[in-house]
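As structure tokens, the structure follows; a few thoughts come after it.
All chains are identified by letter, namely A, B, C, D and E, in their written order; residue positions are counted from 1 within each chain.
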Amino acid sequence: MEILVYRKGIPKIQENFTAADLPELLKDQSALIWVDMEKPGAADERVLLDTFQFHPLTVEDCRENRHYPKVEEFEDYLYFIVHGVTADISPERFNTIELDGFLGPNYVITYHHEMFRSINNVKQQLRTTPVACQRGPAFLLHQILDQVVDFYSPVLDDFDDRIDQLEDDIFTLKRPNNEILSEIMDLKRSVLRLRRISGKQMDILHRMSRGEFGLIPEDMRPFYRDVYDHLVRVVDLAESYRDLISGSLEAYLSVVSNRLNEIMKVLTIFSAVMLPLTFIAGVYGMNFENMPELHSRYGYYAAWGIMIIVAVAMLLFFKRRGWIGGSSKEETPDI
Amino acid sequence: MEILVYRKGIPKIQENFTAADLPELLKDQSALIWVDMEKPGAADERVLLDTFQFHPLTVEDCRENRHYPKVEEFEDYLYFIVHGVTADISPERFNTIELDGFLGPNYVITYHHEMFRSINNVKQQLRTTPVACQRGPAFLLHQILDQVVDFYSPVLDDFDDRIDQLEDDIFTLKRPNNEILSEIMDLKRSVLRLRRISGKQMDILHRMSRGEFGLIPEDMRPFYRDVYDHLVRVVDLAESYRDLISGSLEAYLSVVSNRLNEIMKVLTIFSAVMLPLTFIAGVYGMNFENMPELHSRYGYYAAWGIMIIVAVAMLLFFKRRGWIGGSSKEETPDI
Amino acid sequence: MEILVYRKGIPKIQENFTAADLPELLKDQSALIWVDMEKPGAADERVLLDTFQFHPLTVEDCRENRHYPKVEEFEDYLYFIVHGVTADISPERFNTIELDGFLGPNYVITYHHEMFRSINNVKQQLRTTPVACQRGPAFLLHQILDQVVDFYSPVLDDFDDRIDQLEDDIFTLKRPNNEILSEIMDLKRSVLRLRRISGKQMDILHRMSRGEFGLIPEDMRPFYRDVYDHLVRVVDLAESYRDLISGSLEAYLSVVSNRLNEIMKVLTIFSAVMLPLTFIAGVYGMNFENMPELHSRYGYYAAWGIMIIVAVAMLLFFKRRGWIGGSSKEETPDI
Amino acid sequence: MEILVYRKGIPKIQENFTAADLPELLKDQSALIWVDMEKPGAADERVLLDTFQFHPLTVEDCRENRHYPKVEEFEDYLYFIVHGVTADISPERFNTIELDGFLGPNYVITYHHEMFRSINNVKQQLRTTPVACQRGPAFLLHQILDQVVDFYSPVLDDFDDRIDQLEDDIFTLKRPNNEILSEIMDLKRSVLRLRRISGKQMDILHRMSRGEFGLIPEDMRPFYRDVYDHLVRVVDLAESYRDLISGSLEAYLSVVSNRLNEIMKVLTIFSAVMLPLTFIAGVYGMNFENMPELHSRYGYYAAWGIMIIVAVAMLLFFKRRGWIGGSSKEETPDI
Amino acid sequence: MEILVYRKGIPKIQENFTAADLPELLKDQSALIWVDMEKPGAADERVLLDTFQFHPLTVEDCRENRHYPKVEEFEDYLYFIVHGVTADISPERFNTIELDGFLGPNYVITYHHEMFRSINNVKQQLRTTPVACQRGPAFLLHQILDQVVDFYSPVLDDFDDRIDQLEDDIFTLKRPNNEILSEIMDLKRSVLRLRRISGKQMDILHRMSRGEFGLIPEDMRPFYRDVYDHLVRVVDLAESYRDLISGSLEAYLSVVSNRLNEIMKVLTIFSAVMLPLTFIAGVYGMNFENMPELHSRYGYYAAWGIMIIVAVAMLLFFKRRGWIGGSSKEETPDI
């Protein structure tokens, strides 16, 4: 548990307090106390229950992973759950980490089981200049939420890149295989998660910015609306990505279909050219005694002639149907 | 019918009452009476109609399976239907059991045709300590609903495992067959049922937690909101599962498509290599008298040479098109 | 036109009135008059317009088939259209019949072009005991609507059976043919109609049960809510059926796809085994003078040996790919 | 510009007025003036702007095709755009024509660039009897809208017929070709347009019938509600048609799929029967010196015997798999 | 930064002011000042922050590209973001440019990083006649927004043309290839973007036109409603286009399917005709000593006869199945 205290008239953030100092600190209505609990234990929970006297259900909510953002108003504090994104953007799945917190008249409490980059950033800023604290706990909370939401951007950029890459892969595709399919499915799932999690946070910021909670004063609302606008854009992008990925899947299926057509065309052209020739050769391989052609001097050459005519006729037939490209000399279908 | 009575100042739950004691018990406004009717009969129904004077339509609703959660407010009691999940998680279908109940000013009635694990758990707790009763009937009802909803978790975990298993099966699939398809369909149906049933219960808990009913006092609302939050997460998970299963079906269909492509490629490569060779052999099987090649000393070897050249040319042609993998010596398509 | 009259203190329903008696009967505010018009003619319409002075547009609505349930409030009466189901559950399409009606302060009018089983049932009940009439016209109307909705149940059960049958047909399918497809389409259409018609009736009953209309008194609302609940369940089932049928269609398409794969596998295996063998036979059918093998004593047997080796190699190749089942001796693909 | 005037106490509609008479006519609050502008020019627009002093934007809306129904209330008039259907039901696309209009305290103005059958009908009626005018401008407008909506019915019937025809074509389909597909697409597009255009008009009639506009008095509302009900049915039918057409497309795709299966079965059966026979013939066409069978007296007949046995075995194999129908003598697959 | 000033009684727009004149100009409540910032720099931002004292967050919003239209009300000004379309309609993607702006009691500020044709148009108009300025800043803003939205029309027409072209390509399609697919995907994406961006702007204009903002007076609302109506039509068209493109994709997939069927038919007909003939030739190529037919004088001709009969029988078989068109002499399938 780390405690940062800002007091009017003191130009520096004070640190190095312990849980025992909290009751005293909280009495100073003009101070601003930020209690950050990283990887909290039973002692931290006792502080929440005894010193701050939060509702036992909210403390239970803190302890467990809820996977579901929310904000609840109690008589003199707000309880919220929001989600940040993890630093390592795994190629497989988009991951979130949970941030629980409380906002009171002169304190902000943050509670998280994992390291939060955005929280460390805000602390660093405060140590440089406590200016964010001068505007009260609602502004400090806004700073934290703003940082949390800012870390969504690289994730979105990464999605952008991967979808672009995917579309290239689909159309230039040398080998239609299950890898592409599997990547489409993974991306789709990640985008759906992103859409869900950011959509819910958007709702929460909307409630915070429209003046529903007394603890967030009127003049703070534009700042919360700014975070809300950011989340609106995240949700909007997530929806675009979902559409793009659906389009990719459709494109992939169509490319596979086109490829099947191509394969079948090759097979059909080969069969249709070769089968009649083999038949003609078979005819003159028959052992009938009385086959006048066999005894003709130019019979063999005539047979070759017929075979070449048949082959060319077949190729022309397929060329006329558009199955063979510009040059009728090669059996290369044009797709 | 089992009757549990808690009276102020008595540290233990009293049991062993019969239906005949109910009128007397109900007169004590400070007591809390829980009537649990498991596999109820006509006598139990009479109690509901005569002693409690519930609306005949609600008693009829109790008797029949309604498959549809609801809550209705009457002048001095609440009637509700909720659904729990059965203990045995059948691999085929997700099953629910119905719990009817009434909440009055000093009583809770639960009515169910099948054994309910959650209700037995709550009874067991009360026998140990009647602490839940001290806070009144709304708290006792919350305890019961909380237990009912807690039993959804193993079902959700089971879905999670089965969907993961399914996705592995689809991609590593040696044999695309109707079994996988049939399992996808079963899972989809179960998840849709779970989504539907939990969505409706969520609505009911929402109404209970937002203070719509006078019988659930203000200070009980956070507890009902907690159950509501739990159901929100269940619904949310059910929706994720639905998306995942839809994705699985799409993946399955694509894998089957890819496999068809693979089969057709093998067929095409075989045909395209073999048909020209057979044709060449056919040519030299013709019986023309005048075929100079036949009399040439190395004609036979030349024929083999031509055939090998044709075969290699074909394989190179397919290799260039990307139908054959790294080694052009084997006719192994690369998928 | 059939007129049933209940008067306070008279233990039996009175019948055998004619249209001419209506003005007199209607004056008695304490009586309850039910006018049932089955296959009505111009005379009946005149009664509606002149005796009851209903709005001409509603009488026109009565005359024509509207296919659309509705309820409209006028100054001193309610006009409604609801739909019942026909007795014969045609295997092809789900059919409905229209019931128009009016509810006034002391009368109920039902108007229908076809025989209505539910109306006959209610009449029969009233002739036995007029108890339903003692509670006023709103209760009588509730009885009629309740009966109309009760007749939906066999239709729903029939859908259930047919969908189950269909799913069996799809998976055990010996012959994928257009019959199954056609049945899926018919079922889908019927379920969509059921969903639409019951959804609209649900809205109407909802409006009736929430106290929107003064002619349906407060104490009647639980009864209308009961019919409403019934319709909610019908709608809910119809939605499940729609999901099930969509699933069936997807399953059917996949089964057809799987079958195509199976067919192509058989073709590919046959071709891949037979083409090389035919080629080898073709080689030794060539007529070159100098073909040492032909003169070898065991040449013929060696050729057979080669051919058997090639065939076995092919079968092993397909077995390794999983195209041929447990026993490699038979060319039976495993699907 | 055609001006029809009805004056209290005069049993006939007066015509033959010009734009110059309008200011005088409008002063008579008890008169009812209908100005119908068919293929209007600049002079007509001047009348709208100067005599009636309508908002310039509405006059601009009149002049241009807006493809979007709307109703707007101004201080003392209503402006509306609705759409009628053209008389010729083109087989390709469903077409609409735009009707703009104004409703004032004692006038109705209709403005349209093309001939409107419904407007001509109403005029004809008025010339016979001015009864519709006695009830004021709102009733006259209702008459016009009612006629406009009535002309939707033949279009709907035409859709009905074409969808029925289409479904027959799909299932009895001798030739699966792009014509059917193209017709499905055309129908789908037309139905979507009908759904969109009638949906928007429904909204407008809904606003008119619920008493939102002071110019439509209370007692006119049932008449507007009647037109609204008609549009509700049109929308409902359009939605059914959309579902039916989606079903048709699915059916068409499945029929094409089934046909592919059928084609492949024929190919596979032919190949599987013929390839082994050709191979056997090839074997005995080899030129090995030492082939005992060739010298056997009944060798040839034995070869035929083997070939017939192989062919029958193949046919039985496919019959057992259900690929060949009742009679195994013919190679007719059973689909 | 360009500053245009209109002052009561002065018939010309005054220009050539600098940022330094702004404080003085703004004091004249009866003047109308338009500040247009094209490709603005730090100095422009300072003016916004210092002279106009806009909220820092809105100035930050100006500076960055937000891709998301919005309107926000502050105490004495409105801040908005809308999007115009770029002049060059790239064949690949539909592009938008962002216009930020402020509306105050006597000023309009426009802020954009790229050249805006619509803004230049409005300036040109004002220089000709300042009539638009006489009606106040809200009217001037309406003029700008109206021009911005007017530039959507050529984009919509372009979509129309390209979709028409696409549908022709699909059905007359000589070569089903990935180009068409790729174009469908591009169009779909552009239409989705258009739908999204115009939908959001529609919401903003709706809020502006319904009197939510005090800075837009009552008598300006019809003008804003006109722009709103225009956007409603854009959104409506975008939705039609989306439906059309979805239909195109379905059509394309079906055309590809039909083509596969056609290819398979050709293959099947060829194989089924050629394989039996080859088999017959193979039979008489066997070298059995005792083959009576071989020694018959007309054996060879009889063999030809049999082969022709078999070929004709096959062709008749496929003709009866409808696989071959009117003339059975050619092997042209009828699709």
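The rule we apply is simple: a contact is a pair of C-beta atoms (placed from the backbone, for glycine too) under 8 Å apart; a residue touches a chain by one contact, two chains touch by 3 or more.
As the structure is a computational prediction, the values presented were derived from the model and not from experiment.
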Contacts common to chain D and chain E (chain labels): none
Numbering shared by both copies at the chain E-chain A contact, with half separating same from different: different
Length of the line joining the C-alpha centres of chain A and chain D, rounded to whole Å: 40
Rounded Å distance between chain B and chain C, as computed from the means of their C-alpha atoms: 25
Interface hub residues of chain A, defined as touching at least two other chains: 257, 260, 264, 267, 271, 275, 278, 282, 285-287, 291
Going from chain C towards chain D, every chain in order around the ring: C, D, E, A, B
Chain C - residues contacting chain B, complex: 167, 171, 222-223, 225-226, 229, 232-233, 236, 239-240, 243-244, 247, 250-251, 254-255, 257-258, 260-261, 264-265, 267-268, 271-272, 275-276, 278-279, 282-283, 285-291, 322-323, 334-335
Chain C residues touching chain D - in the complex, by the definition given at the top: 55, 57, 61, 66-68, 70, 72, 174-178, 181-182, 185, 188-189, 192-193, 196, 249, 252-253, 256-257, 259-260, 263-264, 266-267, 270-271, 274-275, 277-278, 281-282, 284-287, 291, 293-300, 303
